[in-house]
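What follows is a pair of complexes built around subunit A, which joins subunit B in one and subunit C in the other.
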Partner chain A sequence: MSRDRTRRDADRIDVRKTYKLYVGGAFPRSESARSYEVTDARGGFLANASLASRKDGRDAVVAARKAFGSWSTRTPYNRGQVVYRIAEVLESRRDQLEREVREATGVNAGGARAEVDQAVDRLVWYAGWADKLAQVVGNANPVAGPYFNLSSPEPTGVVAVMAPASPLLGLVSVVAPVITTGNTCVVVASQPHPLPAITLAEVMATADLPGGVVNVLTGHQGEIAPWLASHLDVDGLDLTGVDDADLARDLEVAAADNLKRVRRPGPEDLAADPRLDRMTRFVETKTVWHPVGT
Partner chain B sequence: MTEIPTPASPFAYAPAPESTSVVDLRTSYGLFVDGAFVDGRGESFTTLNPATEQPLAEVAAADAADVDAAVKAARRAQERVWGRMPGRERAKYLFRIARIIQERSRELAVLETLDNGKPIKESRDVDVPMVAAWFFYYAGWADKLEHAGYGTTPVGVAGQVIPWNFPLMMLAWKVAPALACGNTVVLKPAETTPLTALLFAEICQQADLPAGVVNVLTGAGETGRLVVGHDDVDKVAFTGSTEVGRQIARAVAGTRKKVTLELGGKAANIVFDDAAIDQAVEGTVNGIFFNQGHVCCAGSRLLVQESIAEEVLDRLRARMSTLRVGDPLDKNTDVGAINSREQLDRITELAAVGEEEGAGRWAPDCALPSTGYWFRPTIFTGVTQAHRIAREEVFGPVLSVLTFRTPAEAVEKANNTPYGLSAGVWTEKGSRILWMAERLRAGVVWANTFNKFDPTSPFGGYQESGYGREGGRHGLAAYLQEENR
Partner chain C sequence: MLAPMAAPPTAATPSSVAPTDPLGVAGSDASLRRFLHGLPGVDQVGVESRAAGLATRSIKTTAKAYALDLAVSMVDLTTLEGADTPGKVRALSAKAVRPDPTDASCPAAAAVCVYPDLVATAKQALGSSGVKVASVATAFPSGRAALDLKLADVANAVADGADEIDMVIDRGAFLVGDYRRVLDEIVAVREVCARPGGHDAHLKVILETGELATYDNVRRASWLAMTGGADFIKTSTGKVQPAATLPVTLVMLEAVRDFRRATGRMIGVKPAGGIRTTKDAIKYLVTVNEVAGPDWLDPDWFRFGASSLLNDLLLQRQKMRTGHYSGPDHVTLD
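Here is the complex of A and B:
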């Protein structure tokens, strides 16, 4: 971290933090050994963030795939507890995140506080959905014959997520629904505001979230996203944070190679109460039949 | 015609052909646009009876101007009539259509068999009853949408492109939910099976369905591309190959169009050593030879537990030897004609590759008619996961047999495919069924049964088998706007 906010004593040299990636539960630097300069809302230097490469993207997909088996088969109750735990740890580190949000976006203290409040509350909201979504979007189906027939939602798999610019609330709003339902993900953080994303990764790493369930890459969206969009071991693509319509179209075209489920970008008020659509976009309906007889 | 195997036997089947007199085939058919049949501006084509290779009728092809006219008609009907009509009134039209389908069921069944080549037993007992049931089911939703959880706002104009394997059933799966939700449709039936869709257009006329609500455009792939690509289409629904599904997904990228895709499959039918073997064999036969294997959810890979593999194969061969292959109009026929020369070539080629790659090929020694497109029910043994016949969708009566030892190995092999449409599990152990069902990455899991469909039951795939669900409450989602979810 930077500058005099953390300095109490003019004689002491502060220890700055290195912001790295979050992949497979660890915090590696980019394999490309590149970084980029992150500035505050007025253009002042904040920190150097890792500039993730195509290879980092592929490593993150491997980590997400590896984590999928155990995360997707945990009980929904357990997943709900983990997501709730993220909210708890986030609440406990709110001072740091408020400061980072303020520095990144230039909002005032009240605005930053409100954003952290909403991020925490949103995690709590999604945590409660983990063991309820199947009851709301599943179905017992009354087929015309002697068969038991049940439809239930299941996670799609590995989802690549392009996070929106809102550095904390936006990130939580796109990640929480994806993992609550049992998916794992690779998130490309907001390019101008990556620091809260890495701090959120630290929160998740200490909140019982298994490594690889969420992987956070920082860097250029336009550089990493095409590799994730065309990656054959990625099952879903959330384009929420892609503002460039041409890039969004190209990514959707690339996603067609293996028929990824795509959430297109669109106008959205992140401060408004969420609906189910972010969860239902990345679940599959599985229907099981069995004969009834003696 | 099928040879009678032992004419002297009192148990031999005598020919039992269904009469075609119930069908009034015209020599040529136009497009159905805005409530009327019109000439197409594209180059018309001939649709054949694949069992005889004889022409059935000349069918119009829609060009870009025809597509535009149909979309305009659909838009007008949606905005001025259908979208404004109270759900309870839309429901009554759909109930009416369902009733007419039942009244004209034999005519539809015979025409379907003539155009498609599927056994009359199947079109009569499976396809057409299912079509009526689909319209009945969704008719009832039209005035109950506010209870379904997807909002009540229709998407608008739906462009729907359907395949040749279940021509009328796929029409029903697409048209019934679209109309129930207040959308209008432009439907493109498959090039080789346009006739029942055109008869359905007549049924819409009989039902006095308002003009433009249903439009039927016949033609080949280019017509389908035009429908999918038309700027004023709000929703694209496609059932067909994964390759065309990919093209559609690319074509709609960056647009506002909603899409559902129901694509290919390579389903595993998994038989454990404690299964009821005769039922499992019957389910396996049904899973791959039903509808000549022209089924996207066909159980085209048999995964049998190693300890019972020989026994299962013996019984499978014995059962296959009793399948009656031949005249689709014969009421005793089990396996009909391959739908087209092109598809027969594809099946023939992949089967040859199976042999070249070292798998053991077997088919019962049954006589085939001298004209028409035919392929014997065939199994390949000693198939490995690397073989093309274990990876690619054959879309024909060809079964690849693989073995496994443990449930975990069965899951791994079953899921080792880019597809994920369906799977079958055969075991008498309940906990194992549920354990398997949880782990199989497929949209439909049939346990101790296979190839069951119902209008209340959602159907659709994981991964490269496409996205979206057809059937059930879930089937409404594709045809309602997402703003309220």
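Here is the complex of A and C:
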């Protein structure tokens, strides 16, 4: 990152960036004070990232729960505007993200550009769905009586998300659908490629997304995930990024205790056009009866 | 800090009769003033750094389990709102008796703290559970009323069966240096707390440290309250910011420690207001142990005036019992 600069200006001291967690709209270090080395695709040192502990997970859930009330009651239209704003800010920082994706995964410049393009487009796609999902999955049900009977999707609550390895597109693909429908989330970023996740957190922090709606933890999935899966204040669990089948099964078992909605991992091409299932997995159908007016 | 003046230290019992002015300093206005202003000054930087140091102690596993149960048993579950209803007081009383209905090993809270007009309701709801009823009185929280009104307020609560009276001192009089007036009020309230045939209501004296401005004043007010016959000294009403802080509580703990050395009489301490998390509560317990000593680690001698603290303690207890994090859906809404 700083190679060119140091060659150009050998006397200047490097200003290296500390990659921290994103919890409740702030960027704290891990409560455990631990960090781990992040390397590029060829094994060279990139940066130190925070190694989150279970207590960071707990704090993140508290932040997500606190943010849920106001985020879930915003109009879907407004949530769509905010998600679109994330896409705008992401677009304006694309150079940085392209570089980070390239360094992390070793893809060429064209591949990195394509990944950022897709990430931005995906945010726009979900932003558009924010105020249209209810029309598609909600319904005015025919009933035998003088009543309106209306079903509409409501956000589930706090969702713990295990992000897939794809550092930017994968992360956007799992986070955007969850927050678009009004949930808040705690994301465990890809362990080998956490840096684009923190940069995306910086994007979200400056894109009118209220603090706590998205909380990003970096570190070992196997260390944090079981605590989130068994946490009684977490309502949903997305296992997309869990590649270890045994761990995935254990997490599903732990999640059963308070009847979390669980999205199981499965073969999935994240680059392909998404379907609605990521949004509909973490909504509850609320049905109300209302007397027909006289 | 203060040289022993009278009897050697002995742990007093909660029921011991409080002698007014055990140090013999209240004979005249001048001697009272000389005594209070002769107390050593508080080193502000020192006390704050000591409190910050004690707050860094890490309490884990079995020690934490002990601290959690102790803290639950020390909570004065408080509701002091204009919107309090008998129903709310009954719900709070039920919670005080069995804070966690899913866990029989969970201790009861120490007391329920209410306004005087709800003492009878609380008393009836708590019955023979052993949980005490505390009532704020003396024109709480400001204390701005004539003395006879304040005493009538106290007499009311005592007549309705309050086990403990939380009175506020006249901060205005204290700040202008009219210590005699403050002392006389405490003594007068103390007399109204007496019940024929024993079972006097215990007297907690609220210093409202947030309005006293300096640690020196906190120390003076503590000694003044103890001289007046307080059974407990309490930091705050909870209606003024800042409420309880760790350094202020530390100064008060030093005062009760030194008072026992000087007179042999043991006084309790109650921080109130602003203590919301288990982490905070454990910091206080560490400070109690290190400053006053383990004798004070008992609900008879140390209390937390709090409401939301209890829920956090229960969540932590559930976490220790089940091995996974609990959530606010698993405790009551107060």
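In this text, the second predicted complex is superposed on the first by the 284 of 294 C-alpha atoms of A that agree within 3 Å, B and C clash if a C-alpha of one lies under 4 Å from a C-alpha of the other, contacts with A are read in each partner's own complex, and residues count from 1 in each chain.
By definition in this document, contacts are C-beta pairs under 8 Å (C-beta built on N, C-alpha and C of every residue); 3 or more make two chains touch, one makes a residue touch a chain.
Here the structure is a predicted model, which means the values were calculated and not measured.
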Handout entry: Combined model on subunit A: subunit C and subunit B, fit or clash
Key = fit
Practice task
Name the contact category of A:227: first (subunit B only), second (subunit C only), both, or neither.
Solution key: second
Handout entry: First (subunit B), second (subunit C), both or neither touched by A:81
Key = neither
Exercise for the section: Report for A:65: first if it touches subunit B alone, second if subunit C alone, otherwise both or neither. Expected result: second
Problem - First (subunit B), second (subunit C), both or neither touched by A:96 - result: neither
Practice task
Determine how wide the angle is at the CA centre of subunit A between the CA centres of subunit C and subunit B, giving a multiple of 10 degrees.
Solution key: 80
Problem - Contacts of A:32 with subunit B and subunit C, given as first, second, both or neither - result: neither
Practice task
Specify the partner with more touching residues on subunit A, choosing between subunit B and subunit C.
Solution key: B
Practice task
Quick one: classify A:48 as touching subunit B (first), subunit C (second), both or neither.
Solution key: neither
Problem - Partner chain(s) touched by A:145 [first = subunit B, second = subunit C, both, neither] - result: first
Completion exercise
Least Cα-Cα separation in the three-chain superposition, subunit B to subunit C, whole Å, stands at 5
Handout entry: Footprint overlap on subunit A, comparing subunit B with subunit C
Key = 232, 257
Fill in the blank from the handout: Contacts from subunit B onto subunit A in the complex sit at residues 133, 149, 242, 245-246, 249-250, 253-254, 261, 263, 418, 433, 437-438, 442-449, 452, 454, 456-460, 462-467, 469, 472-474, 482, 484-485
Handout entry: subunit A residues touching subunit B - in the complex, by the definition given at the top
Key = 73, 136-137, 139, 141-145, 147, 149, 151, 156-157, 232, 235, 245-246, 248-250, 252-253, 255-259, 261, 275-277, 280, 284-291
Practice task
Note which residues of subunit C are touching subunit A in the complex, please.
Solution key: 323-330
Handout entry: Residues of subunit A defined as touching subunit C within the complex
Key = 58, 61, 65, 227, 230-234, 254, 257
